[in-house]
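Letters A, B, C, D and E mark the chains in the order given here, with residues in each chain numbered from 1 onward.
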Amino acid sequence: MINAFHAGDDPLVRVSAEIPSSKETILIAGFPGSGLVGSIAVQYLVEALSFTHIGNIASPLLPAVSLATAGLAQAPLRLYEKGRLLVVLSDVPVSDEGSCTIPSRILEWLCARTVVTEIILIGGVVTGGDGERVFGVATTSEGIEKIKSSCQILPALNITGITGGFLTEACLRNIPATGFLVETNFDVDPRASAAGLSVISSIYGLALDTEPLIAQADSIEPMLQKLAEDVKKSDVPPTAFDEDIMYG
Amino acid sequence: MINAFHAGDDPLVRVSAEIPSSKETILIAGFPGSGLVGSIAVQYLVEALSFTHIGNIASPLLPAVSLATAGLAQAPLRLYEKGRLLVVLSDVPVSDEGSCTIPSRILEWLCARTVVTEIILIGGVVTGGDGERVFGVATTSEGIEKIKSSCQILPALNITGITGGFLTEACLRNIPATGFLVETNFDVDPRASAAGLSVISSIYGLALDTEPLIAQADSIEPMLQKLAEDVKKSDVPPTAFDEDIMYG
Amino acid sequence: MINAFHAGDDPLVRVSAEIPSSKETILIAGFPGSGLVGSIAVQYLVEALSFTHIGNIASPLLPAVSLATAGLAQAPLRLYEKGRLLVVLSDVPVSDEGSCTIPSRILEWLCARTVVTEIILIGGVVTGGDGERVFGVATTSEGIEKIKSSCQILPALNITGITGGFLTEACLRNIPATGFLVETNFDVDPRASAAGLSVISSIYGLALDTEPLIAQADSIEPMLQKLAEDVKKSDVPPTAFDEDIMYG
Amino acid sequence: MINAFHAGDDPLVRVSAEIPSSKETILIAGFPGSGLVGSIAVQYLVEALSFTHIGNIASPLLPAVSLATAGLAQAPLRLYEKGRLLVVLSDVPVSDEGSCTIPSRILEWLCARTVVTEIILIGGVVTGGDGERVFGVATTSEGIEKIKSSCQILPALNITGITGGFLTEACLRNIPATGFLVETNFDVDPRASAAGLSVISSIYGLALDTEPLIAQADSIEPMLQKLAEDVKKSDVPPTAFDEDIMYG
Amino acid sequence: MINAFHAGDDPLVRVSAEIPSSKETILIAGFPGSGLVGSIAVQYLVEALSFTHIGNIASPLLPAVSLATAGLAQAPLRLYEKGRLLVVLSDVPVSDEGSCTIPSRILEWLCARTVVTEIILIGGVVTGGDGERVFGVATTSEGIEKIKSSCQILPALNITGITGGFLTEACLRNIPATGFLVETNFDVDPRASAAGLSVISSIYGLALDTEPLIAQADSIEPMLQKLAEDVKKSDVPPTAFDEDIMYG
């Protein structure tokens, strides 16, 4: 209904969305970061599988930007659903200041309305290497068991920014989470997004065809260059890794 | 009545205004930004159609400035009405910090007192081109249908600052909104304001004559130069576009 | 009574003062700014007409300074009264951050205890000219009528800092306010203060003799030089004007 | 009792202390500033007269530092008492940000538990002169009468930082306060502290022997050099004076 | 249970943990700082004595980072227990801004659920010397008695950062605390961690073998180099000392 505000009272992060249809849900999140890997991946996922847009999120911790695509102006941070799958998708980079608070408030809103049984995160990691290896992490040993045959497990991997914030929040809420950090060395890297999506699709049985994403890579890369520059100018830290690091 | 404060308790944004006379209203907003397009347009609209000043808005997020015109000192952010039309008008640029919070609190105040059925936004966009093309966006497909024959729809347009903030807030509150971003390449550009107003007038049937605005362009441009410099010195980001950008 | 705190709960601005004796009051305010015009004027007014000190104001938005004159250490922001007249006086420049909040909270405190029927503001404006012209503004047409024969009305005048903040707050509270901005081109300018006070005295019938202020100008100017330097180092913006500016 | 927290709810400044034994108390405060005059003085006073440590104060507005002396680690801001005398003592410089809030919250805590009948402040003032003159200020005329034969009264003296903040807070709470600013031109100046203490001792009858402080001056000066450097690096402004300044 | 959030309402620091099994507990804390002495020590302690991970802590005052070790992604600040021993361990440096608030909120959470009878802190101190001397501090004379034969007591030692914040918080809550600052002059110094742990083990009877830590020093040092660089880039101040400093 017009003017009715379906959001909490919290002024820092406001969620205006329909209650997810499924009582148990899996949340998938990807954000602009190294290679824009996370945001390209979830944007493609949402379009390829025809997710339904169920809501919007606003916060003074985000840049005040509305990206209009073919004339349709949207909130920069949005929620989608399809069956048990929920997606949170961002058109804008999230600053360090928001990287703890935004995951915390989104999950607070969701967990009051649905049982989030799992969280899946996708992002990029700068390696300096050639390939598009997919490095996996999980917040539980069961999670590591589930993913370890489909991706590489590094001795140590430091996951920064809002992806790190979501993993920490998942730990606090005892929601099992897995994260897929795809090797990227480009500003805009749809091939890395496709590689990550393939791994997620195979583990979670999403039946997602990533061929079209790879096919359109050459054409969409220049189009996303501006967002990539925004990410570089923002204070979003790149997730880095060192295969030799082992802690403790 | 003297001293009685007709405002909410919120210290961040305080609205002191009469309740809009109409139960259903359309909100029109324009702010200083590229070419001062938005603020010149709504200022002209208010004067040409003899709107009534119904209230004032104060916020520590705005610069503490009162602009006195012919001796009349006013609050920098003001509300006007005429029939079903409401106008929010600013003499000062709104910083990034206020671009999310100020639209949110203004709409919170309004929506508790009137049903805002639509929001119309006007602003400038720097293109580097020659013309005064008007690019339209809308938060719904119906909105795009309504405007698409009167303006240009771009594949992608990034709307920044408080105009972007109003579009996001409109999405959160499910209030249909349209935005008209007029091509501008000058510090002060009343011709672009006139072009935008013409489009809005024809779509919404405002019967507004923009000829006088164009006629006085030469004389008012130097007068507005100082505000334009304030905008440049502020952190208000210019809305930019790239006709080649297509996202996702 | 000792230790009893006569102030509100608000931690941002705390007022500790006796309730004004008069049920209806006129508030006069002047602050350090260009030429120190406002603060010299109200300081002289308070001493020449033997106002009574009725209270003090503290805020973390103000510099933590106590100026002791002949050994008497005082709060930097103080309230005085004489009959229906209230004066708010500051020894310290007010930063941009406080320019909205401090007028708002002072008037909130006052309006709960007395009916403020009018606000009179005095300050300096840098013109680059020679004279000590007094430019007047008012928040109502009646106010402009009342002052226009005693001072100059400019087509456009931008009033910045806490003086602008007081004008905006007066608009929000529907309290008629007048402002007198005196031309000044010096760091310390008691002659401009005297010119402004003369205009205010004649309009409001204060029967104030400003001759002593002019007489002592030569002697007090060097003494106030340090405060003037503090003002320059602070972020208090100078109120500027351009006789050619006409808005809208 | 272990773990029991004897403090208020306020997160900005938390006081954990025993209730002062005396129903009426005099508060003496000195802080690191020019010449470390204030902190050396109250530290010496507390040791020479064998005050009892009654509590600690913590605040995010203070640097997170614990100074351990002979192995004893303490909170940086502490309360002591002896009979009717209370002392507040700081090992760390207080930033501008805390200079209003910390005196306000300390007095709020104290005034709810004892009647503070008087506040005595000691600090340093940089003059460029040779001597160790003691300049006195007071918040009441009675206070000036009481001190004027024991110290010098300047026409104007600007007291900055937390000492200025305590004077302002004393004005707001109507607690008579006196301040003793001792001429200092060194980084560490126990001789100035002794000069100030002598004046305070004679006015308030403390029977304090300052000879030992002077005697150990040569040995302790190098030891305090590091704290002096911290003060210089902090944003604590030096209290300055100009014998020629006379305000208004 | 999934989604259930076992944390307080406080948005600044949120603790999600099981209630400690023991009614009386001793808290051991170590953080990244000079030589990473504290974090290497408690990390080793937790692994060598097979502590149980009981909870996680999140705060916008911490960098949003999740460090995944062998694929296991964890919250950066965690709680462990073994019998009466509790450990708080951090993978990330804590900024000055968090150094007061984080100890305060962790102890607030703990003290509502268990009686913390003692706090033991370990960290590094840069001396410029050769050895790995262990300097001890305590918040009570009894504490100094207990530790003084096992470590060195300096005339003065300034303990900065979150270790200083924990000592101050221990003073406010009247919880006896001891601190062991180990001489270190390297970016990564497991030998200093081992030296500190040996002292703690002997005083508190932990029966901890630190030989393996020393044995693996050569191999783990390069691995921890990145965290050491993060510490250097953060605003965590090094704890410094001067054997000649004696205060007051």
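Criterion: a contact is a pair of C-beta atoms (placed from the backbone, for glycine too) under 8 Å apart; a residue touches a chain by one contact, two chains touch by 3 or more.
It should be emphasised that the depicted structure is a prediction, and the values quoted were computed from it without experimental measurement.
Trainee: For the Cα fit of chain B against chain D, please give the angle of the superposing rotation, nearest 5 degrees.
Mentor: An angle of 145 degrees brings one copy onto the other.
Trainee: As a quick test, compute the distance in whole Å between the mean CA positions of chain B and chain C.
Mentor: 33
Trainee: Between chain A and chain D, what distance separates the C-alpha centroids? Give it in angstrom.
Mentor: Comparing mean C-alpha positions, chain D is 54 Å from chain A.
Trainee: Where in chain B do residues touch two or more other chains at once?
Mentor: Chain B, residues with two or more chain partners: not present.
Trainee: With touching defined as stated, please give the ring order of all chains, chain A first and chain E second.
Mentor: A, E, D, C, B
Trainee: Can you check the complex and tell me which residues of chain B touch chain C?
Mentor: 1-5, 7, 11, 14, 16, 40, 43-44, 47, 56-60, 62-76, 91, 220, 222-224, 226-227
Trainee: Quick one: which bits of chain A touch chain E in the complex? Just the residue numbers, please.
Mentor: Chain A residues touching chain E: 96-97, 99-101, 104, 108, 111, 115-117, 136-141, 144, 147-148, 153-165, 167-169, 171-175, 177, 179, 242, 244-248.
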